[in-house]
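Take this structure first; my questions come after.
Labels run A, B, C, D, E and F following the written order; every chain starts at residue 1.
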Amino acid sequence: MKSLFIGRFQPIHKGHIHTIKQILGKDEDIIIVVGSAQHSHTPDNPFSGGERVMFIKRALIDEELPLPRIDIVPVTDINIHPLWVSHMRSFVPYFDKAYSHNPLVKRLLEDGGIVTDSTKLLERTTYSGKHVRDLIRWKNSEWEKLVPPGVVELIKKYKMDVRIQEIGDTTTKQ
Amino acid sequence: MKSLFIGRFQPIHKGHIHTIKQILGKDEDIIIVVGSAQHSHTPDNPFSGGERVMFIKRALIDEELPLPRIDIVPVTDINIHPLWVSHMRSFVPYFDKAYSHNPLVKRLLEDGGIVTDSTKLLERTTYSGKHVRDLIRWKNSEWEKLVPPGVVELIKKYKMDVRIQEIGDTTTKQ
Amino acid sequence: MKSLFIGRFQPIHKGHIHTIKQILGKDEDIIIVVGSAQHSHTPDNPFSGGERVMFIKRALIDEELPLPRIDIVPVTDINIHPLWVSHMRSFVPYFDKAYSHNPLVKRLLEDGGIVTDSTKLLERTTYSGKHVRDLIRWKNSEWEKLVPPGVVELIKKYKMDVRIQEIGDTTTKQ
Amino acid sequence: MKSLFIGRFQPIHKGHIHTIKQILGKDEDIIIVVGSAQHSHTPDNPFSGGERVMFIKRALIDEELPLPRIDIVPVTDINIHPLWVSHMRSFVPYFDKAYSHNPLVKRLLEDGGIVTDSTKLLERTTYSGKHVRDLIRWKNSEWEKLVPPGVVELIKKYKMDVRIQEIGDTTTKQ
Amino acid sequence: MKSLFIGRFQPIHKGHIHTIKQILGKDEDIIIVVGSAQHSHTPDNPFSGGERVMFIKRALIDEELPLPRIDIVPVTDINIHPLWVSHMRSFVPYFDKAYSHNPLVKRLLEDGGIVTDSTKLLERTTYSGKHVRDLIRWKNSEWEKLVPPGVVELIKKYKMDVRIQEIGDTTTKQ
Amino acid sequence: MKSLFIGRFQPIHKGHIHTIKQILGKDEDIIIVVGSAQHSHTPDNPFSGGERVMFIKRALIDEELPLPRIDIVPVTDINIHPLWVSHMRSFVPYFDKAYSHNPLVKRLLEDGGIVTDSTKLLERTTYSGKHVRDLIRWKNSEWEKLVPPGVVELIKKYKMDVRIQEIGDTTTKQ
């Protein structure tokens, strides 16, 4: 049994790790789909697809999770709903079902013939990517408790916390 | 004389039918342009281009309108205004003028050398696609009075009202 | 029972008419999918999507075929195979099966869960779009025997035969 | 020394002229990058890329600025930040540095290995494209004092002020 | 009177200069449209849009041609013919006619309502961009006689001749 | 030290495995970049990006290669050379150099500031993706000797050899 776990992972936090462990505990292999992979340097997507793959890999290794059972696949957005399932499916290995709590995502997956499962996903206000990004933006070091230590180290080493603070809520357009 | 009637038809309602009959009554043939045709499963565009073509065809048949005088053409969005007229024109049969009340659309059409006509279009708060979608979203069965009966039947048969309720105002992004 | 009949119709010829009649004769309704609809003014796609819709409509009326049972839908190309079926499906009314003799198209349709049927399609060297375009390019009036008379009339009225001769095999690039 | 001066120039105003003169005064040649060049007929981008090139050229000639030292290059948007610097760079002659006050643009330029300079740019609420467009929209002739006289003349000659008033804040979508 | 002169200028050669002087001699101002501007590092498009703008500007200055009467505008390809004229037109200042000998380009321009003029363009096998690129590829220094001296200097200074030789006829795909 | 190994892997063969082992043997970690990842069902790209990730993962596990030191990242094509390096870089973790023998790819990488290394790559006519695909197309079972056994098993299990034979050299266009 192989399951998709879809998210943007901006950045990966301990809530994600908790979910991954639960799915593995059910004897299901996992494909981690890193969505909106083409974006970076925006308030909602500060880290590039490649940086997020790097973070996730580091966290999986630090947590000693079984790499043979886990794939990490960055997938670009396609903003046309009727194509989304086919687009996403073409970038990942074969799978049996997908985890999601979002009703639209569930609807699109199911309309595309994919079994969804949502009850086992942890979802908390504290452990959310948005909360982590906000804390970094506000220079509140509490964010370091929400993210795996190896990822905190990478973010600081490459001064990515400064990037988030600089971007603020502005856009490229002048 | 052949005229464009441009809209998104999400879904076709009795106000549209009223307009079509008026144009036919002026001895003009009609090309119904179904805009934003690539979208579906969004709050503003719940139905796919193909579903909207299917609804319109059904309504035309039920109303016994003259099919030889009416074309239905789905057209995708092009979000670059200077290209919109050329884009739209390349997907439809030759025509003589276009109906629109929207000042920007009139400006683009006229800058592209197309005669516009707007006085004969019916426009009411009740008979609007947004109002119909809102009523469906709020599970208020009043919407069934605003939409041709054959289309009501199709929406219910394929549980598309449930789709609108599920989508709500969320987006695909997680 | 509703069936897709997919082609580029550059332009519609008597072979297409023959096929349409056969499918109607089996008590199946038809959706005529006009592929590569965004192109025009090329050697292989001289007529725009809208011009092709106009030709087909004219031929259907002249042949007194039942318009309530036939839809005509222009569909743009999507040059990414894993998305093609979802893309095409989102622009057309619901259907039950599709006609194709092309092994790749059959494979893509079937991989997308669509039943295909190919045995009833007529296919001849004479009645091919390429042959018609070549005859026009060579100023050989034999092409007028291969195309429905109403379509011949439209092509000549709007000097589209001259367009094909001018385009030749050159491209826009200078 | 050659420097980029990046903006949307909707339209060019006297603040831009002031900046250009300052940069030239530092013995730096200038490449004027006209961003969002594909857009027109929107509230924020009423003038096409070509119209903006025409305005800027007229202003440079009227001000007797040295044309051999100034290039004007329209550049389309690319809405993917990691690609923006490479995209923009591929459309302009070689340069040494770039002027910007926007923190995100500075970050993207510097992450792309480009030296930025921002201290010399004039920035005022009065001399802003948005202010000029708002005044035109409100039919307040004060805008004519903010824009070079030759550009005022072009805008009036081609009734582009009427275009802005017609567009208002609506969009093409019906 | 203002005229378009459309080409790819890979690179600008003495044939182009000859044409520009002829058009200026007829008292027409010129907009030089640099086509396929998004490409570089291919056998047919070795120089980026920005490099070609740089070459042309250098040649115009060296030849002491009147810069107030000449614009240089890079324009990206749009590979959909029905949109090409609108696309190109939106990036250039207003103009009165266009020079072209290519029958397809003439057809597209005229179908778009643009007057074309072709008799005055010089066209020779020797003075062609393809010939210049081939000579560079074959390390035959004869190419230096076909290109304005300032441009030869830039190509050598930045080792762009080596780029052409390295690219050969291969493509990026591995 | 972390190195890119760029290819299309249609499919992964023993030559690729040989290269991967060499790079690992130099104490360099590897990011396997799966190019042209959006394509499938074409003669040159029969397998989807996700299928290729699945094949590679299987081969790495069977060969007992160290997964913590190896990333697999599918990357879509971008057919504009000046953007290719930035595009590719944004989808992969940070790296130090890249392996390539292709002169154009080396040129693009080096123009983008990336160190390249090419001497250690094995390249043979027998161990090539094209040769493997041709053998499958010709129903010559010799291909099974060139591909890791676990991948042979997957190709046969899912009848992908039949897919290659069906596709032949045709295209989707009808």
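We adopt the following convention: a residue touches a chain if its C-beta (ideal position, glycine included) is under 8 Å from a C-beta of that chain, and two chains touch if they have at least 3 such contacts.
All of these numbers come straight from a predicted model, not from anything done at the bench.
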A-B or A-F: which has the larger count of contacting C-beta pairs? A-F
Between chain E and chain F, what is the gap in Å from one C-alpha centre to the other? 38
Expressed in whole Å, how far the mean CA point of chain D lies from that of chain E is 25
Residues of chain A whose C-beta touches two or more other chains: 38, 40, 48, 82, 89-90
Have a look at which chains touch which and call the overall pattern line, ring, star, complete or other. other
Show me the residue ranges of chain B that touch chain A in the complex, using the header's touch definition. 38-42, 48, 163, 166-168, 170-174
Show me the residue ranges of chain F that touch chain E in the complex, using the header's touch definition. 6-8, 35-36, 77, 80-82, 84, 100, 102-108, 111
For the chain F and chain A complex, residues of the former touching the latter: 37-38, 40, 48-51, 53-54, 57, 61, 67-68, 71-74, 76, 89-94, 158
In the complex with chain A, residue positions of chain C that touch it: 80, 82-83, 85-87, 89-90, 113
